[in-house]
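Heads up, there are several structures right after this.
Two complexes are shown next, each including chain A; its partner changes from chain B in the first to chain C in the second.
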Partner chain A sequence: MGPLIPQGIIPMGWDFVIALLIGIAFGFILEASGFSSSRNITGVFYGYNFVVLRVFFTAVVVAMIGLQYFDYFGWLDLNQIYVLPTFLSPMIVGAVIMGVGFIIGGFCPGTSYTAIAIGKIDAMVFTGGLFLGIFLFSEFFPFFEQFYYSDNMGNITIGEFLGISNLMFTMIFTAIAVIAFYVTWLIEKRVRKNHEEYKF
Partner chain B sequence: MNQIINSSDRPRYINPYFGGVLLGLLLLLTFYITGRGLGASGAIKSAVVTTVDKVAPQHAESNTYMKSFISDDHSPMYNWLVFESFGVFIGGLLSGALFGRIKKLRIEKSPKISNKTRLIAAGIGGVLFGIGSQFGRGCSSGAALAGTASLSFGGLVVMLFMFGTGYAVAYFFRKLWI
Partner chain C sequence: MNKNYIILMSMLLVLAAGLLLLPEKNNPKQMNPEELMWDIVQPTRYVTTDDVAKSIIEQDPLLMLVDVRPESDFQDFALSGAINLPLEGFASDDTRAELDYPKKNIVFYSNDDLRADQAWVLAKRLGFNNVYVLRGGLNQWIKTIIQPVEPAQTASAEEFSLYTFRKGASLFFTGTKLSTTATTKESVVVTRKKKSSAVAGGC
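Presenting the complex of A and B:
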């Protein structure tokens, strides 16, 4: 029964080997899907290319449903899974800053690594910016330390917050994703008609 | 510029839904094996802490944020996300090689802007993403993707506000892209 490493079924010594292998698969999928191109990625915000939405929503739905089934079959103890804790206001602020960074920079951290791999100079600069940004955050941390730890809601799940079961939320999210796939397909068709092809 | 690029010249990418299924299965496998999801920004954080710790150890020790990632037994680089992110780079290299996308160093941008503008924008975007990912407890991978899939409320919040903000400000930065 999983998770395998925390349960000691796979020894800890394999942890970093597995990290590297999982990373390779992750990078391969990102690059093969077209995420090494910033103009592919930002297409999601201008309607000419919804690849980000398709890959992202499909992945979330597959993993979300998979986790529930693994738990149901007794293969994986969901109580031992890491649930990212929620610090509501700082996380909203962080996400807003990231959203602006996304539009200006055209990458997110993971995708910039794959773009560096195929030779994009803009991705190297973006990653340099990440380094500088995290450094600045650390340096000025004392000024907003209190805010950073504020609004701590603990490891709350979506279902707990909404007052519905997580299974119900999974179903709702899946339905939203399917609708989004259809609607964005319509939008993309319309936008591309008036849009010049772009070079990658 | 109005010329439509021949479809055979277009880069070949895998079907996005197929890519999504693969990514979802990988994420599921990662949870099954390690009990945690994927990530990306954490590796840069480790690099920042390691650099500051090497250059100015006392300064790193006195910083309440960096201090929490420093341990006496091993370097901050001895971290799951560092190995994973190195893998992401190799994976990108493999896919790029397979599909013929590894070319000489180049800058990708809208024809409406100069190389300099693109690089400045990429740098600013990176800085903002770096700062935001610390407040957000992760970036698009760790918080939005893995967080939402594992039904973390915070993960969903990060996903909604990150993409929501992107749409809200997209109009003002359209020249960078279209």
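Presenting the complex of A and C:
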């Protein structure tokens, strides 16, 4: 039956309402997971707190496995899901910029808003910088345009790129996630002095 | 590490491994209902009896006639070269194998076009795009090809040429001899002129 909007089960006009509801839920989960704290976010880089990695890996793995089962039971047609096109080298550059921004600023774009919601002044400054960055990028876009659209690999999934089935990739990715959970737990145990105080 | 996390992680791993063990999904690719609706209203999915007659006479190798009536009807009368795939049990694997000629033009027919239309929709949903329906079915076949009606004297030249074709096709399919108008043979009487003068003797 799904996806609901392309199949016309939910009218097109509702997508902004749904986006708003999902956004509120996303913000709530971010704040509830402690992502409003810069310490949690930069902790991944310094190796004392991997909660960000765990939350996102869990979200991705649950969504991956869930969607594959939905597709299998016929609740959702995965072929109708839009796959974002991959621009390999611009994406790598963008990811590096984003990562550096994470470490310097202590927020990712989403968590800066949840931090504002709980009244953090550094997050307000961070968001100001974010808008300045958006403005500068838009103004200087013609200079980056050629690079921005380079290396287009089309709408491919990793499974298609590697030549394995998406189910197989889901399994491999889940295994990677579980290994990552265990390894980060080991790292935390070594780096943190007061390890017993944490729940995970 | 907390025991709950270990349980949750093993659940995720089991579910992910379960994906690999799932039996092959048994819902073949289906046509989008909107596309099907669009194709249904297209008049191009019909072929006329004249087209089919012409293809049979010319021994068109791309023509594939499929009779969707019950087998007993098929035994009584069928178009030449047709195969029988009754509508009952049409969506079986055998049917799929029988129709799996992507290059051929598959024409369904029944007594009228009702059952052939049903077969057409089923075949379309099974993913065959090269399928057509004989408009009017065998009733129309009898009406137009086997017993063509002579058009009125005031009819257009096209109608007359169509009639001529149908008449010829009728001869082809029924095998009756050409009933030419009986020309009464009059014995030609040769009348010779009497010689006016007897042969005179020579000198």
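The rule is simple: the second predicted complex is superposed on the first by the 193 of 200 C-alpha atoms of A that agree within 3 Å, B and C clash if a C-alpha of one lies under 4 Å from a C-alpha of the other, contacts with A are read in each partner's own complex, and residues count from 1 in each chain.
Definition applied: a residue touches a chain if its C-beta (ideal position, glycine included) is under 8 Å from a C-beta of that chain, and two chains touch if they have at least 3 such contacts.
All of these numbers come straight from a predicted model, not from anything done at the bench.
In the superposition on chain A, A:6 makes contact with chain B only, not with chain C. Shared-chain residue A:72: touches chain C; no touch with chain B. Contact with both chain B and chain C is seen for A:62 once the two complexes are overlaid on the shared chain.
Once the two structures are superposed, chain B and chain C can be ranked by residues of chain A touched, with B on top. In the superposed model, A:117 lies in contact with chain B only, and not with chain C. Of the two partner chains, neither chain B nor chain C is touched by A:176.
In the superposed model, A:102 lies in contact with chain B only, and not with chain C. Look at A:187: by the touch rule set out above, it reaches neither chain B nor chain C. Common to the chain B and chain C interfaces on chain A are residues 61-62, 170, 181, 199-200. Across the complex, chain A meets chain C through its residues 61-62, 65, 68-69, 72, 74, 167-168, 170-171, 174-175, 177-178, 181-182, 185, 199-200.
If you check the complex, the residues on chain C that touch chain A are 1-2, 5, 9, 12-13, 15-17, 19-20, 22, 25, 27. By the touch rule above, chain B contacts chain A in their complex via residues 1-2, 4-5, 10-11, 13-14, 16-17, 19-38, 40-41, 43-45, 47-49, 51-52, 63-66, 80-81, 83-96, 98-99, 101-111, 118-119, 121-170, 173-174, 176-178.
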